[in-house]
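Structure below; questions to follow.
Chains here go by letter, A, B and C, matching the order in which they are written, and residues are numbered from 1 within each.
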């Protein structure tokens, strides 16, 4: 949760009537909601509701067939992943995509933008121009890795990490990119409760710094800790929006989840 | 004596090629299935630049009798231009096999063109009589081979040095990340094809240089010298030696050369397809399979650990006490 | 016009040969999901085996049958010894490609050891070229075209109407789903390799009869044109491969009649590339493949 500041938060992201179809099947249709700056918003819904598709659209990997996306007032519907990333939109992936054969520290360092050493010429002939920046980045990356509890694995290949550690690494990598909008796709799926707790704490702390966050999750206990409010999607549309309690009691939401386990706190949390 | 010199020299030349291919495949995952064609282009260009006018009954372009270093540079430039064209052709497609098929197509097209067009490089006969780069006509082949080791070794050293520099830089890191997962790299704002293009052309440049040294040594070059199969030996060399490691390609080239260990073997096969004697190529095949299965990183694996662990970053005491990383707090980049 | 039809005639022969090989490759590709660089050497091997059998006095048609069975068996053995080990450990596709390269080295060198590098003559006396409609074909050509058509038809019926054919199509479409449905994917794969080996004899013998000579690199020389036809047709789609082969074969031969014949393979490749630029997933769209 973010600490409320008293002023009206600005809208960072506006999703207007967005639609997308896979060969005739509409995964998302007439989907609209806004994200306020600095808030953490949960995105929930039954499987097939279109949440992942929406994430892909927001990060620029898919282009909406209908409707528009407005980021900081700018129309970014046609912008691809590279463009979205340069605007400070960073995402994690549902199936933790890492650079398996690279060490953890390199996985994090890649994320930083504007690295002078990435020019071919400078890398070969002009080391002085990027050495200092590189050391600075290493320091930052090392801090982030420590902050997420991965220090003991810092020089190990990312492929050797466990599921929970991979999630943590993805978060470290996402933060290294100095995001303004963070899109988390199921950051606690398949993760032990202790690590899930750590992730929740860290996400809250990040939000306190002013980063806007959208979290797709199924774990209600987790959402209770991090989300200020929640958007419920089903069949490609927004079904409801509000606090977690409000949404849990909402008739239509319950109906949409019919057949799925009741939305209560998981045992043990 | 000549045998050893010959072995060393051709090993070095193959190592230069391997360095180029390693940059493309080892660092960036771009499989160059026709790398020998770029070498051939380099050889031809170096040849026609340093040769004089074609004598009666033959014909080739160029023939301006330029100094050898111009020929060398021309070879590199020509090969990297060819690489640029090939790469640009495949850029719109997302499948990685498209680059492979475009490369192969370019190889066949060039081979056809070089064979059929008499005016270009004298067709099937090829160019010949490329002048020695040292010593003129008074020198023996032994002495020439020995002398040639110097520039060849120097070029090899420079190529390895450049590879090392790239590896230890953010550029190298970016290349390797693209190799692992191109999608994620895009998700973090990098235009992937930029870096791929750069490394591809650089690799081709090195192959071109190797071609130049080939032609300076053999003093002739023709289409039979670059049959499609040759490229695969270099690939095998890079994979066995160690992809991603800048010494790996060199080692692999010498291993493959040693493995073939006979004069007619690693010389470009003039005339009829190579006389693969007594299972030597089979040995390479078996070696390749064994490496793939039991040591996929190659004999010399990637060694970034060495670099990072040797200079670990220790957090200053003040930072250790702070709970939040500075990276997140500042949106303006004041940490630079 | 005469030249054009001559070209079509040659093109049909080339296409028939190419189509058989391309379909075999496409079948294997669709089931195993990697491009086998050693396929050219399978072609050469099949041709050498057939040749050896004829040298031993066996009539051609029987030699082809024996060679087919033997090549099929070898293909399966190679799969078990090499490819399957990698596939079981779920490696990246590039690794299998390189493994194919290793196999190619081994097979090609083995052939050199057994049969030497000298080109062998492989001919049959079936009569000279005759006018068939607007085309000029030798009896050999006609047999090739006919055999090709029959084999392809037979394959089509196998794929469409038999239980095995259905299993194969399921496996190539979605491996996990096929496995979950109770299909013994490993057995399907092995049988597919056998089929590929058997199928390979036809284009191999046809190729060698066309050119008259056989040496260890004969098949390898055709490898990339075959891949071109396969990719043009749409990766992993045997029917597409037939179409791709037809397109490549016909247009190269026709173009070759008007342009310098030495450029034929360049034309083939240029064509593949240009067509792929407009239809990146191949001539038959790749919709429906879910793996």
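The rule is short, and it goes like this: contacts are C-beta pairs under 8 Å (C-beta built on N, C-alpha and C of every residue); 3 or more make two chains touch, one makes a residue touch a chain.
Owing to the predicted nature of the structure, the values given are computational and were not obtained by experimental measurement.
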Chain touch graph shape: choose line, ring, star, complete or other and state it.
line
Compare the CA centroid of chain A with every other chain's and tell me the farthest one.
C
Specify the chain with the shortest distance from its C-alpha centroid to the centroid of every protein C-alpha atom present.
B
Could you please state the distance in Å, as a whole number, between where the Cα atoms of chain A are centred and where those of chain C are centred?
48
Starting from the mean Cα coordinates of chain A and chain B, work out the distance between those two points in Å.
41
Chain B and chain C have mean C-alpha positions lying a whole-number Å distance apart equal to 31
Two or more other chains are touched by the chain B residues none
Spell out the part of chain B that touches chain A in their complex, as residue ranges.
162, 165-166, 169-174, 176-177, 180-181, 183-191, 195, 198-199, 202, 302, 304-305, 308-309, 313, 315, 319, 323-331, 333, 335-336
Flag every residue of chain A that touches chain B in the complex, lowest number first.
59, 61, 80-82, 85-86, 88, 90-91, 93, 97-103, 105-106, 109-111, 113-120, 122-125, 127, 130, 133-136, 138-140, 142-144, 146-147, 155, 173, 175-178, 180, 205-206, 209-211
Interface with chain C, chain B side, in the complex: residues 29, 31, 89, 92-95, 97-98, 101-102, 104-105, 108-109, 112-113, 115-116, 228-229, 232, 235-236, 239, 272-276, 278-282, 284-286, 288-289, 292-293, 296
Of all residues in chain C, those that touch chain B in their complex
35, 37, 82, 85-86, 91, 94-95, 97-99, 101-106, 108-110, 112-113, 117, 215-217, 220-221, 224, 227-228, 231, 235, 260, 262-263, 265-266, 269-270, 272-273, 276-277, 280
